[in-house]
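Below, chain A partners chain B and then partners chain C, in two separate complexes.
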Partner chain A sequence: MAEDMKKYLKQLLLRVDNLLCILITDRDGVPILKAVNDKCPELAMRPNFLTTFAMATDQSSKLGQGRNKTIICMYSSYQVIQMNKLPLILNFVATADCNTGHILSLENLIEPLLGELKGAVIES
Partner chain B sequence: MGCCWGSCKEDSASQGGDTNERTHLLVDPVSNNTPAQRANSDDFISRYPNSIPKKTDEQSALSRILQETATNVIDVAALDSHNLEQHEYKERSKQYQQRLLMQGSSQRWHLSAPSLLIDIPMPEKVLAAPPLSYADMDMISLLVQNANFALEELKVEHREDLVVPFRIP
Partner chain C sequence: MEKSIERCLSETCSMDGVIGSVLADQQGLCLGVKGKASISSSGVITAIADQVAKLEPASKNPIIVLENDTNQCLIQRADRATVAIFKTSNPVN
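The block that comes next holds the complex of A and B.
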């Protein structure tokens, strides 16, 4: 079951060129499921980097423009896309030249997976 | 005599409700109202001993306002206050892995192949399938021919001028 999910995530990772990692974590940055490419930078997968999103999304939801759903960060060599699926967070790390729209379109394909994973987190 | 009269006059005035230079402008709120109020609240408490006292109501309302304000404030200073300990992180990660392994699901996780060309397990079977009958092929080619003729016959019949001169003064 878990292996199936991992394989599925890996397939999704291979679908988008230059996508380096798909990481599903809880709001404290603890990974639940991940598919990682060798080229993915280690720093982008650290919990203290990932947890900042949980707080940023909470705070930016107070700006009067509704609930924050996705934050896209562009760096000089990488891009990090994080989606608010609380209690889960969906993290994508890709190179800067990766097609951001393609990454965003993966959301629909990952959505059914999240329903299963939420069960593991809510109990804690 | 005059003094006596004066005091009598004052009494009668205060009783009658007339105002003069000796009447108090401010009525004493403590002596006038408090006993009555106390009696009232005592009555209330004795009548409804289980009802929540008013003070806690106020307190809870205040704390609710405080809570709402706290949730609405964008607090940048508190952003990096919470971090997991290393062992806690590892423990939780392990816990998640175990739960995932335990969790059973009927759903199969697989992606539909993105390419149109798919491997066929037994090509002989497909290749040995009976071919399309000549009647069917004739019908298909006839229908396509008809559709083609119909498309060629399609003409635009113009009734009005394509270029319309505007009457510019």
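The block that comes next holds the complex of A and C.
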């Protein structure tokens, strides 16, 4: 089962040019499922980097614009897209010139996986 | 800025057979949408335009036509934006 999910995630990773990593973590940044390219920077997959999102999404939900769904961070060489699917967090790491809209459209394709993973996270 | 984009998309949609249009930037993010078109299609449209442009790098931006029995989708990339126009294959005259 987990192998099938991993395979599916790997296929999605190959679908978008210059997408380096898809990472599904829990609130604490603990990886649950990941598909990684060799070129992905190690730093972007560390829990202390990933947990920052949980805090940022909580804070940005207080801006009076409703609940925060997605945060896109553009850096000089990379872009990091994180989606609020609490208790899970969806993380994408890509090069700065990667098609952001295409990455965002992967959300619908990953959604079916999240249902089962959410159950596992809540149980534990 | 948005107004000129919206006006342009509205003009496009008022043409014969056109049912919707989407404008996306280089990053595949949606700049505007009108009619029967989805905001979430902007990324895929840009990706298609990028991939097709690689077929003949020396040529200028191609016009891509995706067609099914009832509808057509025309995609073209300009300098910094990509536009997709959705139209019926057989417009009622």
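By our rule, the second predicted complex is superposed on the first by the 124 of 124 C-alpha atoms of A that agree within 3 Å, B and C clash if a C-alpha of one lies under 4 Å from a C-alpha of the other, contacts with A are read in each partner's own complex, and residues count from 1 in each chain.
To be clear about the criterion, a contact is a pair of C-beta atoms (placed from the backbone, for glycine too) under 8 Å apart; a residue touches a chain by one contact, two chains touch by 3 or more.
Computed from a predicted model, the values in this text were never measured in an experiment.
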In the superposition on chain A, see if there is space for chain B and chain C together, and answer fit or clash. fit
Going by the contact rule set out at the top, does A:D17 touch chain B (first), chain C (second), both, or neither? second
Partner chain(s) touched by A:A120 [first = chain B, second = chain C, both, neither]: first
Dominant toucher of chain A (residue count), chain B or chain C: B
Based on the superposed arrangement, let me know which partner A:L104 touches: chain B (first), chain C (second), both, or neither? second
With chain A overlaid, the minimum CA to CA distance between chain B and chain C in angstrom is 8
What is the shared patch of chain A, the residues that chain B and chain C both contact? none
Would you mind writing out the residues of chain A in touch with chain C in their complex? 16-17, 99-105, 108
Residue set of chain A touching chain B in the complex reads 1-2, 4-5, 7-8, 11-12, 15, 26, 28-33, 47-48, 51-52, 55-56, 59, 62-63, 109, 112-113, 116-117, 119-121, 123-124
Quick one: which bits of chain B touch chain A in the complex? Just the residue numbers, please. 71-76, 79-80, 82-84, 89, 92-93, 95-97, 99-101, 103-105, 107-111, 114
Where on chain C is chain A touching in the complex? 24, 27-30, 40-44, 46-47, 50
